[in-house]
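Take a look at the following structure, please.
Each chain carries a letter (A, B, C, D, E and F) given by its place in the written order, and its residues are counted from 1.
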C-alpha cells in the first residue's frame, strides 16, 4: 500500500476533494499545516511594525491507496490542485508496511 | 523502528492514550485532523442553508516503537479505539530508516 | 529522497527555521502537534479542580531532502533545537518512494 | 426594598424619616402639580429606571458569556441559547400572566388576574403597597420583567452539557409561573406574605438567587452526571469570554441593585456603592484564598468571587453600610469557596457551580441582611441587624423564614415540574447527542468554523443555492463576478 | 414620534391630551422658572437622552460583532471595520452638513445651511416643528448623529467579503448626505414632507431600515456575487460573536426606540416595553419556524429573529400597545424568514441577508404602524390604525407613501452613487484580494494569530526595531533583560 | 471641570453666567424645597451620575479587552487580570483612604483623614470647593472611584507579558495612594493646588492619562524588554477582541467625560458631543496616515486612533467647541503616531504603546485646553485659550504647570515604588515563566482550550473528584447517568 501525501493551496482544497471523491478514493485524512517553499507571503502591519509572513497556510491531504491505484490518484490530485503559480505544492509517496481497519481488524489492501 | 499512525475518534482518545501509557509506550505525538471515510456527518443549518459535514474530526496518534513491540501496540490501540461503528478509523504502519533523540543525539532503538 | 520529521519545542521553532533557511533547505512543512514523552507539564487549576497537562505543545517540522543532504540537515536541526532539557524532542527519518512538484510535474530529486 | 420602605413609611414610620425618601422628595418638588389629576412621572426617577431596566436586560447576555466560556466548545451555543431563549420566552410569560401573579393585588401568596396581558398597566404612575410610585407603571413592569428573565437562566449553568433544549424551554416556562412569580409576590408584591412579615430582600437574594440556586441543584441531580470518560478534560474552552461576561454582569448589576430603589437619589446611590464594594471584596478574597491554598490567583477564581459578591450583596444592598458590605464580601467568598470544595464529596454534577455561588451566596446575603441592616441607611429597617448598634435578632429570624420559603418553593417546584416533563418527554439528551455535543445535536450548528480544512457541502435552499447557481454559471472553478 | 406628537399637539390636539406629554409635565414642575429667559433643560429628560445617545452609539460595535461572527475568519476585520469606520466618517459628515440637511429649517425635502458646522446648535433647549423641547439642542443633535452612523453600517452586511474598503468609505459618505439626511428631513425634520403628510415613523423604520435595506440589495447586485467554489464552505466563523452582538444590539435598541420619545416619562416607557416584547416574540417565532421546518432551533435563527423584531417595532414603538407588539413580532419573523428563503430563487448574493431582515422587516413595521397605531398610546395618532377600534385605512395609506419614498430614494441613490464610484475607481476587490481575504488585502492584517506555527518576520520600523535591538544585544538567542 | 466651574462661580463669576449652570437651574426648580434642611438630590442629575459611574466602571473590562487582544494568547489571562484586579483592589483602597486623600479638605496637596472609611460620605448632597452639589455625596465618591480604578490599569499595557502578578498588585495599590490620590486632590480636590492656580482638567487628562502614561514608560524601562527571539512573532492574537474593547471604551467614555459635568444638562451634553467628535476625527486621521504611509488602513490603527482621540479630549471636554474638538482629534493622531514611531529609536519595550497614546495624548490634550478653551462653552474659563477670540497665553501657562506636576509625580513615584518592590521581592517574571506564558506561570490557567487533542488529567479535589466518582461507578469507559 502507498501513502500519498499532498501539500496543496487551501483555496484548491474543495476541488481536490471533489476530484478524489469522483475518482473513488475511499477515504482521506486532512491536516492544516503551514509551509515554506518558493512562495512568499503578503506584508502585514501592526502599530507600524511590518511583518513578512514566511509560512503560508497549506492543506496536507493523506490518501492511502493500493499500489496499483497510486499513479492515477496522483494524476487526479495534480489535475485539481495545479494553478501554475508558485505555491502549488508537492506530493510525497511512501510505502506502508501494513494497514489495519480498527473496526474489523482487516489488514492490508482489504483495509483501505 | 516502526511508526504506528492511528486515526481514531476524538471521543476514544482518552481511552487510547490511557491504554498506551499502560502498555508502556514511551511517547507519542498527537495531531488533530479531519477525515473522510465511510462515516457520514450530521446536518447543520445556517440561515436555512443546509450543510452536510463531509470531513469529521479525528485524532491522529503517531507512536514510534521497536519492530518487536509493533504488533502488541497495534492490538492495544485497536482494543481501546474500537466501538464497532463505522468511523472507528485506521492504522498505518511505516518503516523508519532512523530515529534520533535531539537532547542526547542517541540514535536508533536507543532513541525511542 | 528522505523525509526528516522533527518534533521540537515551540520556543525553539524560530531558531530551527532560521537555521534551516541558512542551510539552504528549499522548503518545509510545519504542523502544530501535541506530544507525550519524558517531559511533564505544569499544573493548572479550574474551580479548585487541579489538572496535570499530559500532552505538551510541540512543533512538527517535515523537511524532504535528497539522501545526500539528510545527515547535514539533521545536524542543523539538532544544533538549533537542543536545550539539553527533557522535552527537546525527536527526529524520525523515512525513505520516500517518490516526490512530485505539482506546479511542474517534475519528479524525484528535481522536485525537492 | 424601597417599595417596602414606602409601604412601611405609609404604615407609620416617622415623617422625619419619610422626609429622606424620594417619595417624599418628589412630593416636595412636584408640590405645585400635586393637584393635577394624573401625576406626571418624575423625569429623573424614570430616566434612572429606564436605564436600570436596560442594564438588567444586558445581564442575561452577560450571564450567557460567563457560563459559555466555561463550557467545552462543542456545547457553547447550547449554553448561550439557554440564556438567550429566556429573553424571548419569559418576556411573553411575564406579559401574559407572570407580572399579574407577582404584582397584582390578591392574596399574600399570589396576585389576581387583574394585570394579565398588562391590563391596567399604563404610562402613568401607580401605587404599590399603598405607596405612590414616581415612575410609570409600565416601566416598573418591564424592570421587573428583566429579573424574571435572568432568574431561570441562572439555572442553566448547573445542567449544562446534557439537557434536551426543548425540555429546558418547557421547564423554565412553567418554573417562572409557579415558582418565580409567586415568590416575587410574597417578597415584593401587593400585600405579599413576606412583605407583611417584614423580611427584607432589597433586590432579590431570595427571589432570584436562592430560588434559582436550589432549583439548579435539584435539577442537576435529577438529570444525573454528564457522561465523562475517566480522564476526560473538561477545562473551560474560553476564559476571556467568561471574563467579558463577568464585566457585563458587574456593569448590569448596578441596575439590578441600585435600580431596586425604584427611583433615583440617595438610596439608589447607597445601593450602588455597596454593590461595588461587595463585588470587589469578594473577588479579592477569592483569589487570596487561592493564592494561599493553590499558590495561584486564577482568572476564573476572580470571576467567580466577583459574581458571588454581587449575589451576596443583592438582598442587603439597600439596607447596609459600606463597611458592612466589606464584611458581606469577605463572608461570601469563604462560604461559596467551601461549598464548591464540598461538591466533590457529595458527588453531584453541578457543572458550573450554580448552587455553590448563587444558592449559598444568596443564603449568606439574606442572613447577612439580618446581621447588618441599618436604620441609618434606610428608614424601612424597623430594628437594626444583630451586629449593628442597638440591633437584635428580630430581623434575622424573619430572614430565616424568607430563606426557608425560597428553598422549599424552589426544591419542591423543580422536583414536580422536572419530574412531570421527565415522565412525559424525557429531559436528558441521548448519550450520542451528548458525545457529539449539544450544539450539533440540539441546534444543528457549531460555534466555531473557518479552519481551511473545516469543510461541508451546502445542500439547503437559501444561501447555498444562490451560490450554487453562481458556481454553475462560472468559469471552470470560480464564480464569474456578474455585475449590472 | 414624540417630536411629531408635539408638533401636532401644537397643531391643535386637545390640551387635555397635551397634559400627558412631558413637555406639559415639565411646564409644570419648572413653573417658577418659566419666566427666566433661557429655560434650563429638564435634568431628567436630558439624563435619559444622554444615556440613549450612548446606547445607540454602542449599537454600531454591536452590529459589527453581529455581522462579523457570520463572516469567514479571513474577512472578519474588514467586516468589523465597515461598521467602525462609520463611527468616524459619519460623525464628521453629520457635524459639517448632515445635521443641517436633516433638521435645519428649509423646504419639505431638505434643510438649509443654518446648522452647518453646528452653527446655532447650543447647550440650551430648542424648538422643533414649533414645539419647545426640554433637552439641550446639542444632545438632540448627537442623539440623531448615532442614527446617522449605524444606518449606512447596516448596508455592509449585504456586500461583505468582496468590496474595496476605499470605495465603501466613499460610498457611505455620499450616501449619508444624499440619501439619509434628506430622508430624515422628510420624516422628522423641520417642516418635513412626511411630517406634514402625517406618516408616522417613531424611531426610523423608513429612514433607517428600509433605506439601508434596499440600498444593500441594490449594491449587492451591482457588486455581483462573491467568487465561491462550487462547494465552498461559507459557514459563520464565530456564532458566539454574533450572539454577543445581538445582545449589544438589543440593549442599545432601548436607547434607539425609547430615546425617540425625546424625553423621559410614560411614552419612553411604553416604547421600551413594546421594543422588548416585539424582539422576544420575533426571536421565539423564528426558532419555532425552524423547529417545525428543519427540526432544529438554531442560535443564528434566534439572533436573526430578535433583530428582525427590533427592526419591525422601530417605526411603531411609540404608537402601539403591548398586545400589538406581539402581533408585529409574529408577523416580521414570517415575512423575513420567507424573504430569506426566496433569496435562493432570485440568486443574488446578499451575504448576511440585510434585505430580508432590514428592508422587509422595516416595510412590515411601517405598514404595521398603519394597522396598530393607537390614540390611547400616543395622542399624536390622529385616527387609529386599521385594526384598532374605530380605526380606518387613512394612516395606512400615508404609511405606504412613506415606504415608497424610502424605497425610491435608497434604490436610486445607491444606483447613482455606486455607479459613479464604479466608473471612476471600481468598487470590487480583485479576485486575488478576495481569495486571500479582505483582512490581508484591504487592511494588511489578520484577525487571529498565535498558533505556535503562525510565524512572520518583523521588518518594519516600530515595535520590530525595538525588539531587534534587543535581540542584537542579546545572548546567543535570547534577549538579556536590560534593566535600570 | 464643572465642580471647578462652580468654585469659580462662587469665587465671583457674574451671576448672569452662573444662571447657565445646573447648580443655578436646580436652585430654581427646587426653590420650594430650598428651606427644608437636607436638600434632596436632583433626581435627573443623580440619574445621569449613576449611569455615568456604571459607564466608567465598564471601561475597565473594555480596557482589558483592548489590551488583551493585542497580547499573545499565552499571556491573555494575565493581561485581562491586570485590569480586572484593579476593580477589586482599588475599590478597597479608595474606600479606606484614597477618597479621603483626594477629596477631603486638607492642604493643597492632599486631603485629611476625615473621609477615610467613607466617614461622613452620605446619601445627602454635599459641598465641594464651596459649591452646593446636586447629587448624593456617595454617588460622587463612587463615580470618582471608577476613575481611580482604570488609571493604574492603563499602566499594564506597557509592562505586558513579563511582570510578576503579585508585584503588579502591590505596585498599583501603593501607586494609587501616593501618586493618583494626591494628584487628584491638587486638580479637583477641596482647595487643591491646581484648582487654586486655575489650571483646567475637565475629566482627567493630567490626573489619569499623563500620570499613568509616564509611569508606564518608567516601569517598562525598569522591567526591561521582553525576552524575545530575534525573529519572534508578536502579532496580536485576537484583533476582534481589541475592537470590542475599543467599542466598550468609547461607550464608557461618555460617562467619563460627560459625567464630569457632575450633573445632567447643557454642559454634560457639550462634553458628550466633543468627545464623540474628537474620537471620530482621531480614528479617521490615524487610518489616513496609514493609508498614505503604508498603503493600508488597519483595524488596530483605527482602534489606537480612537482611543488617542478620547484621551486628548478628556481634559478639554468641558471647555471647547465642536470645531476645536476636530482640531484636537487631528493633532493627537499626529502626535501619538509619531511617538510610536520614535519608540524604535529609543528602543524601550512599551509593549502596547501606553506612553505614546496616553502620556503624549494626555499632554497634547492638556495643552490644547490652553489653546481652545472657550468662555462661551463654560463660564469657568476665565480667559479664552490662545487660539480663541480674545484669548491669550495665561491659561496655557497654567496648563504647562499641570502637565509638569503630573509628569514629575508619575515618574518619581514609579521609580521609588517599583524600585523598592524590585529590591524586596523582584518585579520581573523568570525567563522560564515568561517563555511558557504568564497565564500558566502566574495564574495556573490557559485562556483557551478544547481542541480534541488538548488534554489533561484531573487530580484536584473539586470538579475532578465529582466526575471521577462518576467514572469509577461507570460502565467500562462511560459514566452511567445516575438519576433520581
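We adopt the following convention: contacts are C-beta pairs under 8 Å (C-beta built on N, C-alpha and C of every residue); 3 or more make two chains touch, one makes a residue touch a chain.
Please read these numbers as outputs of a predicted model, since none were measured by experiment.
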What shortest step count links chain D and chain E in the network of chain contacts? 1
After a C-alpha superposition of chain E on chain F, what does the rotation angle come to, in degrees rounded to the nearest 5? 120
Pair sharing more residue contacts (C-beta pairs) when D-F is set against C-F: D-F
Could you state the distance in Å from the CA-based centre of chain C to that of chain E? 51
Between chain B and chain D, what's the gap in Å when you average each chain's C-alpha atoms? 45
What positions in chain C touch 2 or more of the other chains? 14-15, 17, 30-31, 33-34, 44-48, 50-51, 54-55, 94-95
Hunt down the residues of chain F that sit against at least two other chains at once, touch-wise. 29, 32, 42-45, 47-48, 51, 229-233, 235-236, 244, 264, 294, 296, 298, 300, 340-341, 444-446, 453-458, 461-464, 477
The chain E residues in contact with chain B across the complex are 233, 235-236, 290, 294, 296, 298, 300-301, 304, 337, 340-341, 353
Chain C-touching residues of chain B, taken from the complex the two chains share: 3, 17, 21, 26-31, 64, 94-103, 105, 111
Which of the residues in chain E come into contact with chain A in the complex? 229-233, 435-436, 440-441, 444-446, 453-464
Provide the residue numbers of chain F that touch chain E in the complex, in ascending order. 19-20, 22, 24-26, 28-29, 31-32, 42-45, 47-48, 51, 55, 72-74, 221-240, 243-244, 246-248, 250-251, 254-255, 258, 263-270, 272-273, 276-277, 279-281, 283-284, 287, 294-300, 302, 306, 322-323, 326, 340-341, 343-349, 377, 428, 431
In the complex, go through chain A and note every residue touching chain C. 2, 6-8, 31, 33-38, 54-55, 58, 60, 74, 77-78, 81-95
